[in-house]
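Two complexes follow with chain A in common, the first pairing it with chain B and the second with chain C.
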Partner chain A sequence: MDFDIFPDFGKPVRQVTNAFVKKLVVDYAPFFDGISAGILWVLLPLERGLRGAPPILILAIVAVITLAASRNIVLTVGIVFATWLLGAFGLWDQAMQTTAIIMVSVLISIVIGLPLGVLSARSPTVRATLNPLLDLMQTIPSFVYLIPAAMLLGLGKPPAILATVIYATPPLIRLTDLGIREVSRDLVECARAFGASRLKILTSVQFPLALPSIMQGINQTIMMALAMVVIASMIGARGVGETVLVGLQRNDPGRGLVGGLGIVLLAIIFDRISQAFGKRLQAYREVRS
Partner chain B sequence: MAYLEARNLTKIFGPNSADALARLNAGLSKEQLLAETGHTVGLHRVSISVEKGEIYVVMGLSGSGKSTLIRHFNRLIDPDEGEILIDDEDILAMSLDQLGRLRREKMSMVFQRFALMPHRTVLDNVAYGLEVRGMSTQPRRARAMEWVETVGLTGFEHQFPSQLSGGMQQRVGLARALCTDPEILLMDEAFSALDPLIRSQMQDELMSIQARLHKTIVFISHDLDEALRLGDRIAILKDGELVQVGTPAEILLNPADAYVRAFVRDVNRARVLKVRNLMAPVPLLLGDAPLAQALEAMRQAGTDVGYIADANGYRGALVRSEVAEGAGGDQPVGAHMLRLPAIASEAILVDTLRETLSSRYPLPVVDERGALAGVIARDSVVDALMPDDSAVEA
Partner chain C sequence: MLRLTLAAAGIVIAGPALAACELDRPVMFADLNYGSAQFHTAVASYIIEHGYACEVDAIPGDTIPLINGVARGDADIIMEIWMSNPAPAWLEAEAAGQTVALGTTFPDSVQGWFVPTAVLQGDGAVAPGLKTAADLAEYKDLFTDPEEPEKGRFYNCPAGWVCEEVNSKKLMAYGLDDDFTNFRPGTGEALLAAVEAAALRDEPVVFYYWGPSWILGKYDFTLLQEEPFDKEVWDAMLEAEEPTEAVAYPAGEVIIGANTEFASEAPALAEFLSDYASNNAQTSEALAFMRDNDAEPVDAAMEFLKTQDAVWTEWVPEDVADKVRSALDAS
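Presenting the complex of A and B:
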């Protein structure tokens, strides 16, 4: 009989995972339906609003937000132009769908990522536990969790958002952690000496000073969420990603390029607005001594 | 009675300080402890007691443990052994809540590198302590503004710290510490990062604020001139152990050991010592007696100079060698007395050098009420300004 140096680990892992997912689907359906419904409860009105509003109104809102964040006319004109281009490429409706998905994903990422980043900065144990998990989330191919996510949450937007959150949250956690740990010890000590509670130290010293890093994290999260839109479209999340996917499926490189440009335009719009907003929150860095 | 007290504080830095403490207490030396366990002794059985309303300077070179010591008073650092009492209350027994209240209400701290919050304006930095106490925005800014004015930064209240010079930044630090009206001020090398000129201005400012407010101040410094200038009392730390505690004059005139002596050698004593520190008792007090009787008393006392005072205080001095030959013995002493200038006992020595060094006779020293308190001789001034060891070492 042949001696095989490789025992078969794949089979048990496969079986256990499948059994586990099956059990989840069967026994915890109400729970996952709840999550799915919760995501949709936020997403659908937002999407309806974005798609239903006259494009001219959206363009005006983009202008106001950009101007408020940057106080820069040139940038504002550029961003409004980029937004208009989306429509000119025939991607307006898809862009609005994608925007809604991105906004909800990023919101969930922030709600999860900020507290985890804070905990990680505080406790070496949390960081040591979290780190390999974050590595895993960032490196494991998203298809791996897209399959069970679609099984649990149903096809469409909720699993796409879940997958996006899994992929896009790690940089925010890492950069929040880094930002808080890099706040000068002198300042934290000073706040302690004045009798500030831990929460007060966090809100009055650590958060404001870690803001550049945290804003960078949010920016990264937005960019990574946009990188997920094509994959998300494979499980039925419509939007700009779908245009690319269709281009791929129908051997239509032109359509693929248009969709790709749409994603790039969205990335530029989100990036510039969030960067300008971050800068505005740190006006003290701009003063000259 | 001591207001702020540290008793037998020992602090050891390292991963297993409890074990290291046991070894230290069993008689291991600090060097052995470091070599065998990798633990460093920050403080070793240090006891100091600070009176209410005084400026107590803890002085030492870097690594002497002075910054460690001051952080024990607000428990930014906890000791491995010893007690810390504030107003007879054991602060090591306090819960985190009580400790927070103590830090918010009773004490505040000024830091060597200012520790100003770069994202807050000067005004909001100064108001930070009040904000932590939960005071609402309007009243706390109003209070903070008063302190901004007191430290001379009016007009800068809406600037950010990075827009100010070092001296101005530390004024903000001082205002921030005073804004909560604490009873205790912990100042950790507060002026060490400043230029000499600015430093001396800040020292003046601190002293003038202290003259009005009478806070209890623990001031850390590595600069002896600063310590002597500010301190009502000075504690000298070396390698985590207390070497000497005393008034500036005591430290200067009676250094406890070679370490302190080396420390004080280059100090400009004339700027530190007061006339009071050097004065001798009045050798002979003469009343309104006739001349012959006064001269006889001087001969018996073996002194060449007698001082004349009445109910109104010092009047003059009678110098035997200056009394004219054949002066009538029944004349009053007043007719022959010299009007040697009186020196105030609280005067700084440097301000009196012209008189004290040019007079051949010991000059009378008077207290604030004008009463004769003692005499100061040229020799004792010279001795004090040129201590023995400077000659020996040279």
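Presenting the complex of A and C:
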């Protein structure tokens, strides 16, 4: 008996997907070129600035930012030292490129993620629809959409930023949602009793009180963006990930280790600075969520 | 009585053992990560599995780690060593006696820099004067790099492939390194994505590629001319920090490499691999088959074995060929 209990769903899915991608590549070229150009329009000046500036200036800026955010001399010295170490490892140029990519990706993630997190907190329908999508974004192997993205957006930084945004936005959405929902009902009722509009409640009560959670979300977004740098280098984005990839491909584990250390240093720098900023922004530190 | 039983059992086992595998472990192939190698690995695996009754397995990886694996004995067979720009890892392993060269997978590979034919010929050809690689300097605006708009973009090999170094030297030798970005795509798939997208959109693109490959078969690209291959100039170019002269890639022989111990432990398999002899055309056909039918390398291998009986039966003794044929009929 030649009966197989499994119908072949795989083949039509493959064929339809391939035809769809091809259609997008050929018919929608100007649209995607526009997106790519838009991303580069923001990214390239930033990258040029970071790469072109004398390193001393960058170190000074890092020192000022860290000091302003943390008011802690020891931390500032440590962070400036970590930044200086990037150059000492020969990774300065790559680190600047990676920083530019991270900054643009995180900016896009915040612009998309914060509003979605707020919506998700207020509407169970939105949350129910969003949850499986967020699960998908966090678990789907990047190469599934990376090659089509490279075909549509061109090889290099734009698809890398797309991949990073897809991977890094879900934590921000989830933590924003969590933070806002966890604001004490009593406080919200109290504010409503005083006649505050929904918008006012959101901006003056819920948002400030959810700030610890939201800042944690932004911090996680930054960390996950850094986790993507090696994948980004696989589709031509330069940066510290490229050092790791070249180390792997040239059978040069030393180079891979140096690149890995660079990524860790960047993670520490970004993490400390963003945590310090987070603490500074929290006016109501006594109120724990 | 026990001795008699054991002796009888020994005979029973020894009988079919004559037709069984020379090795008591799976034959390990190096699973290279590109199409032509995967096809030939599938063909050789099928013949060894069904004709020589061996178990087969494959270990995935990139070229250099796999060559080192064959040298160390982690893998037995690697189906493609490109002799036109052989990896130093291979040359060292061969010199040290760890590996041995067997048959020729195909003797006529092509490597070089390609542009879409539509750019050079026909109506709407934007660069009819572009004939040689050195000419590219005048046409950098045609291949603008979106990330560095003052320069053109040359799609090199991913870092870690031997061709990446060769192409980088050539860029310097042709005086193109100030006018073109030496773009390393990160992976072979990314390179293909960029090239196919440009081909589908009818956009100019200049890139390194090789044949046999499906992309050269599916779309119409033209090879940019270079000076004919000259070994002295080639070696000097690779030695120099900043070469000034370059020549075309040599016509490529691609051979099969094997671990020396494996070759001595399994002489029948080594003989089969020494007689293995395919060519560019057969390989490209297989690659086109895989692409058009969305097929796996093993499907293309079986298609080749079914349709090209006259070719592969030259590589194996008659009884092995019969076993392979009956396995094909049964599948």
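To be clear about the criterion, the second predicted complex is superposed on the first by the 282 of 289 C-alpha atoms of A that agree within 3 Å, B and C clash if a C-alpha of one lies under 4 Å from a C-alpha of the other, contacts with A are read in each partner's own complex, and residues count from 1 in each chain.
Heads up, the rule we're going with is that contacts are C-beta pairs under 8 Å (C-beta built on N, C-alpha and C of every residue); 3 or more make two chains touch, one makes a residue touch a chain.
Because the structure is a prediction, the values reported are computed rather than measured.
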{"item": "Fit or clash - chain C, chain B, common chain A", "value": "fit"}
{"item": "Which of chain B and chain C A:Q282 touches, first, second, both or neither", "value": "first"}
{"item": "First, second, both or neither for A:L209, with chain B first and chain C second", "value": "first"}
{"item": "Which superposed partner A:L136 touches (first chain B, second chain C, both, neither)", "value": "neither"}
{"item": "First (chain B), second (chain C), both or neither touched by A:V144", "value": "neither"}
{"item": "Which superposed partner A:R192 touches (first chain B, second chain C, both, neither)", "value": "first"}
{"item": "Contacts of A:L57 with chain B and chain C, given as first, second, both or neither", "value": "neither"}
{"item": "Contacts of A:A88 with chain B and chain C, given as first, second, both or neither", "value": "neither"}
{"item": "Which superposed partner A:K200 touches (first chain B, second chain C, both, neither)", "value": "first"}
{"item": "More chain A residues in contact [chain B versus chain C]", "value": "C"}
{"item": "Superposed arrangement (fit on chain A Cα atoms) - minimum chain B/chain C Cα distance in Å", "value": "45"}
{"item": "Overlapping contact positions on chain A, where the chain C interface meets the chain B interface", "value": "none"}
{"item": "Chain B - residues contacting chain A, complex", "value": "74, 76, 99-105, 108-109, 111, 113, 115, 117-120, 128-129, 131-133, 159-160, 162-164, 180, 186"}
{"item": "Complex contact set, residues of chain A against chain C", "value": "11, 14-15, 22, 25-26, 29, 36-37, 40, 44, 143, 147-148, 150-152, 154-157, 233-237, 242, 245-246, 248-251"}
{"item": "Touching residues on chain A, where the partner in the complex is chain B", "value": "184, 186-187, 189-197, 200, 204-205, 208-209, 282, 284-285, 287-289"}
{"item": "Complex interface listing, chain C residues touching chain A", "value": "62, 64-65, 68, 89, 146-147, 155, 158-161, 183-187, 189-191, 193-194, 196-197, 200-201, 294"}
